[in-house]
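Once you scroll down, you'll see the structures, which are given as structure tokens.
Next come two complexes built around subunit A: one with subunit B, the other with subunit C.
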Partner chain A sequence: MSSSELDRLLADAEHLYRDLTFQSVRDWKRRTGGLAIGYMPVYVPREILHAQGCLPVGVLGGGEDLEIIRGDAFYQSYICHIPRSTIELGLNGALDCLDGMLFPATCDVIRNLSGMWRMQFPDKFVHYLDVPQDFDPQVGGTFYEHELQSIAAALAARGAKPLRDDALAASIAVFDTHRDAVEALYTLRREQPWKVPTHELYLLLRAGMLLPVEEHVPLLRRYRELVLADAARRPMDQARVLLTGSFCEQPPLGMIKTLERAGCYIVDDDFVPVHRWIRGRVARGGAPMRDLVGAFLESGVPSAIRYAEHGGKGDDVVARVRECGAEGVVFCAPSFCDPALLDQPMVVRAIERAGIPWTAFKYSENTGQFQVIREQAGTFADSIKLWSTV
Partner chain B sequence: MSANDLLSCGIDVGTSAVKVAVVACPEDGPERLLTTYAERLRRRDPLEVAEACYDAVLAQAGLRRDQLSYVATTGEGEVVGFRTGHFYGMTTHARGGLFLDPEVRAVLDIGALHTRAVLMDERAKVLSYRMTSQCASGSGQFLENICRYLGVTIDEIGPLSRQATAPETCSSICAVLAETDVINMVSRGITVPNILRGIHDSMAGRYQKLLASAGAKGAVLVTGGLANDIGLVAALRDLAPDLDVRVHQLSAHAGAIGAALWGGFRARRLQRRGRVARGGS
Partner chain C sequence: MSNPATAQIHKDASQERQKRMIAEHFHRLAQAPDTGHKCAYTFVPGNLTELLRTFDVLPVLPEINALQSGMRGRSRDYIALAEKLGHSEDVCTYVKCDVGMLHSGNVGPTGERLPRPDLLLLSYTGCFTFMKWFEILAQEYECPVVMLHVPYQGDGRITDAMRRYVVDQLRRKVIPMLEKVSGKAYDEDLLRQHLARSAQAETDLVAVLEAAKHRPSPIDAYFGGVYYIGPIFTAFRGTQDAIEYYRELRAEVEERMRAGKGPVTPEGELEHEKYRVVVEGPPNWTSFRQFWQMFVDEGAVVVASTYTKVGGVYDNGFRHDPARPLETLAEYCMGCYTNLDLPTRVAMLSRYVQEYSADGFLINSVKSCNSFSAGQLMILREVEKRTGRPGGFIESDLVDPRYFSASNIKNRLESYFQMIEQKRSSGAGT
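And then the complex of A and B:
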């Protein structure tokens, strides 16, 4: 066993995280001859791609290790970092292995990036995935289904398998199993955060951006078995916090480690949200496409990029704090992230009404200095441990 | 020790030394300091020194690891594997300062790399703080470098500085400029006491501004390794006559003592809530 197997498993996950050549995707294409389709945060229905024999590939920017040479020429300094590093990856050839890119509706910057991609890579499949903000099945549902059908048709025209109901039903079942495996780790972390450090969980989630789902599920399950058996992982006195705001551009791994070392157990977060966007399993009962659309409308998680009824912003964060037993909230958003930062005052109002302590800071995916964040998170953890009545 | 005493250890991993303290926390009544211990790092691995200091302080107190309810780290101790929890320097120096001198409502923690002015209330809750920027001027490390240039030991600095008759002004902004100043002073034949007092004055000037911007009033306890430098403390007293600048013989251990006390506090609270937190075994 075990600790060495665990070390190897985590080292493999970190290798995938740091591999900006997407070698695993290239290998998959060589093995299968299938299409690899990239997607930006925050959510795309990967079941469609999977059912058509494509590999969904999460593109979350260049992270902390990529030097930006040409990407800065595309975006002003008051724009977040992920579009410039993504353009950099495109221009330096790292994403040549992708046969197409999906840009889900997240914000104006991502919409703008989809246009640039179309101009820079005219031979590739590029689709801006518009998602409904009206959750009436007759309105938003019909619109969304049309969007998904158009993606499926375009992929089929480029050599993917035509989308069939039985294949989509099977793919939904596979991703339901994946959602179960991810949720099992989140539950374990909520109950025993010392068993599942967030920097490890994060690496596993990132591995799921590149690996086929059939390989990722066993990886998640094996990790869970290994950490449960690891007696050296014992509880420490840390402040339990919910971290929110990091749903699109991802923080550097060092920042997550810094937060944990500073005395925080992160017991809930919104990292790499594509894995948890649909809560629970997809409710079945109709045509598979309708089921998938229904899951998006009815079981999608509340988020800064999702419309909430008037006055409802922030209530979900309060509910999540209660559910995960957090003692405070850390707003951890990328610099210049409009969705996260525009929502923040409303969420702050909601959590202050509920008497929940909070702190806030910003990052960029390539932030390299964590001293200020360390001090801030550390003193926040101290204040929770010593003075909080929550 | 009474059977109801809860034992807690604080480990302050500093940039140049590791300080350790053990306290007994009774169910009711004031906490008692049982013992303290310290070792300089001298280019050794801080984690190894922390573990050695931990074992040494337990031996000194006649305790076993499993008798401790909480091992609290502070300073750079957040990677010490056997800790129960970690507290930040401001939090622990405030608590340790209040324990050593219950009248103070501000501490000036002068460490090897940073200096912090911390204001607190009567419970040691930090109300505000100010910290020096990244430049090492005004820190213990800077003073150690000066010692090497002048060929004196760190323990000699204070008494020598007190002998100054005509202190020489030096840069208080930048360690590199200050070091250049010192080299120039040596070549100009300025005496060592006058150089040292000039440096103490420049450092004390920074501290005085730090305390003023934090809003410190009345009694201030100097903590951290440089609290033992009588020349520096004298310079600060001269420059800040409106403050009651105090030093305690255990000032250098304030962080470790504060960590131990907060550890004891947390251990009791966790006990009451039925939550588990392992000790340092």
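And then the complex of A and C:
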């Protein structure tokens, strides 16, 4: 084992995280001549893009390092931060390397951003990906399949490879191995959270927004090998918490570190959820497109942006708390995030019914002061360690 | 939107008729537990009133209840209660107002208690919050919920796949659920009759709204407009009552136009039309009359508005078509204003500015509604660029009185109208 190798690996991941010029994407385009297609949170089926020879590029806003100069002129103060920093990246040329953008049906802000993008960047491919809220394969499935086919056709018209069944089947297999690799790290963190600090895991997840999947899978696997072999990583007296609400606009890295330093082991979360949106491998058996659609309908994770068809709001969070052995829940949502904040009272009701302690605070991607959050999280962790019966 | 009875002094016959219609509707709702009438809670955009009526199911519209609570001065307490129950200060105040009202006895605008729903019909059209709203209500009521997911016009058009998706949901989900709740079989011929009546009323509504192209405008298409859209956006589309209301209203408006009269305002008739403006965004309801008066004081008339299209865009030629009953319902739902993409909204506003000979346009950006508000600053610049007319921007909220700053808004409006005046005197922009 080489701790310097681990250090280098994490340093590389952090470099990707902080690189607001998207240099790795530019390099990939120079090497391959392929199309780079950006996507906003929360979920897009990257398998389609991959099968057409495109690089899916996750655009998660500008984070904590981007100075907003023009983006604020596009949004009122009561709208979340991610769209203004994304516009900023578009206007400052950082996203010139992208040949198109997908805006999935996450909320009205992301939805409307799709129209703004179309007006601001008329030469780029822009598509609003309307995912079904009806999960019947004959109804929502048919609609969703048509959506994906129309994206594939539009990309092909812009120079991507036409979508073929064999290529899509191969891409689904590649992303299945990716899902396995991500899940293996989440499992390890759940079992030995001292081996996988969340601020490290988070950097690795973010690297997967930019790197080709073929490079990201080995990175995840190598990290796992290195931390397993690192005897210096030893258990500490921390409270195990599940963090929820951070599925779209991401918290600054410093905030994740603050939570850990305040005494929390984050043993489950919903950061960068595109990696874990489909639970497990895609069930195979039909045409690859049908399989991918079926996975979305039947194996998609419960989320604030997914209609709770059968009620039971919050039951999934209770189940995840049990599964990961969490002792409490941290609601950690961006300010003005409609999906997360409208969901919260319903989830609170469910976890209170289950007797699970919780705390809540808000952030924005460029929050710079963590003292209040540190005190709140520290008090929460202490209270769990002292009094919790969960 | 409907029946804000205190806002106008002079009442035309159509207003009296509307007041009577609404009172009767709320009375029917209050009596529903005794009469056995079934009730469905649903939303204004993408509402399926004709279909509900086919099953003799009465609609209850939580947005309308919320705005009525705002106008009656109840929303502050309702919102405070919802926030006490854990709802964030950042989210839609319609939702919080509704939750607070529910936990305060669920008394409707006429003072009678609203019935519990027999069905939550989630018409998920043009607003993400709708989905969360009914998930919240589903926790409060033990009743069935049926979702109608209406795809967004992301490319500014309705595709066959989108239409089929909505029709499939209607046929396979919504109609079977309505049959189950009501105990009545689906009668498509009856639905066609309702749809034919809708189309008649819609034509008269368009004539009313387009009367504002005349100088002086005989109507105010925003503050007055919210009264005009009341029946057709709520419980009455597809009824004979609606046909008669809109026929009567149209005749009154056309008579005003012939007589060269301006709109009726809270202070009586506006005699001198000084400014003609287009307005984007919902009004503030807690200070509705005060807000309107600020325009009246300046001699400003709103000649077209987008808010009066949230429950259906009819001035683009759409009419409910009884020959294609489910397809026409699907197209109606997908065509509501907040389901249109931003380029289409910009084009629509620009067209209004031109066709209604407006001096400019104003955006009332409400904190509660990201569906409307996200992107409005870009809309402002785009419409200015395309029309050459000045845009103004004010901020308030739907029903949270904490976000209505009268002095700030008045100040901005005065500055805006001064700007128009300066452009006029310099010969630019008109």
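Operating definition for what follows: the second predicted complex is superposed on the first by the 387 of 390 C-alpha atoms of A that agree within 3 Å, B and C clash if a C-alpha of one lies under 4 Å from a C-alpha of the other, contacts with A are read in each partner's own complex, and residues count from 1 in each chain.
Throughout what follows, contacts are C-beta pairs under 8 Å (C-beta built on N, C-alpha and C of every residue); 3 or more make two chains touch, one makes a residue touch a chain.
In this text, all values refer to a predicted model and were calculated from it rather than measured experimentally.
When both complexes are superposed on subunit A, subunit B and subunit C fit side by side without a clash. Applying the stated contact rule after C-alpha superposition, one finds that A:28 touches neither subunit B nor subunit C. Contacts of A:136 after superposition on the shared chain: subunit C is touched, whereas subunit B is not. In the superposition on chain A, A:261 contacts subunit B only, with no contact to subunit C.
In the overlay built on the shared chain, the residue A:382 is in contact with subunit B alone; subunit C does not reach it.
When the two complexes are overlaid on their common chain A, residue A:236 makes contact with subunit B while staying clear of subunit C. Within the superposed three-chain arrangement, the count of touched residues of subunit A is higher for C, of the candidates subunit B and subunit C. Contacts of A:39 after superposition on the shared chain: neither subunit B nor subunit C is touched. Panel annotation: after superposition on the shared chain A, the angle at the CA centre of subunit A between subunit B and subunit C (CA centres) reads 100 degrees, nearest 10. Contacts of A:125 after superposition on the shared chain: neither subunit B nor subunit C is touched.
Contact with subunit C, but none with subunit B, is seen for A:74 once the two complexes are overlaid on the shared chain. Taking the two complexes aligned on chain A, the least Cα distance separating subunit B from subunit C is 20 Å. Contacts of subunit A with subunit B, set against its contacts with subunit C after fitting on chain A, share not one residue.
Across the interface of their complex, subunit A is touched by residues 70, 78-79, 83-88, 90-91, 125-126, 262, 265-266, 270, 276-278 of subunit B. Of all residues in subunit A, those touching subunit C in their complex are 73-76, 78-79, 83, 103, 105, 107-109, 111-116, 118-120, 127-128, 130, 132-134, 136, 138-140, 142-143, 146-147, 150, 304-305, 307-309, 311, 313, 335-339, 341-346, 348-349, 362. Per the touch definition, subunit A reaches subunit B in the complex via residues 234-238, 261-263, 375, 378-379, 381-382, 385-387.
Those residues of subunit C that touch subunit A in the shared complex are 85-88, 90-92, 95, 124, 127-129, 131-133, 135-136, 138-139, 145, 147, 149, 151-152, 154-155, 159, 161-162, 164-165, 168-169, 172-173, 341-343, 345-346, 365, 367, 370-371, 373-378, 382, 395.
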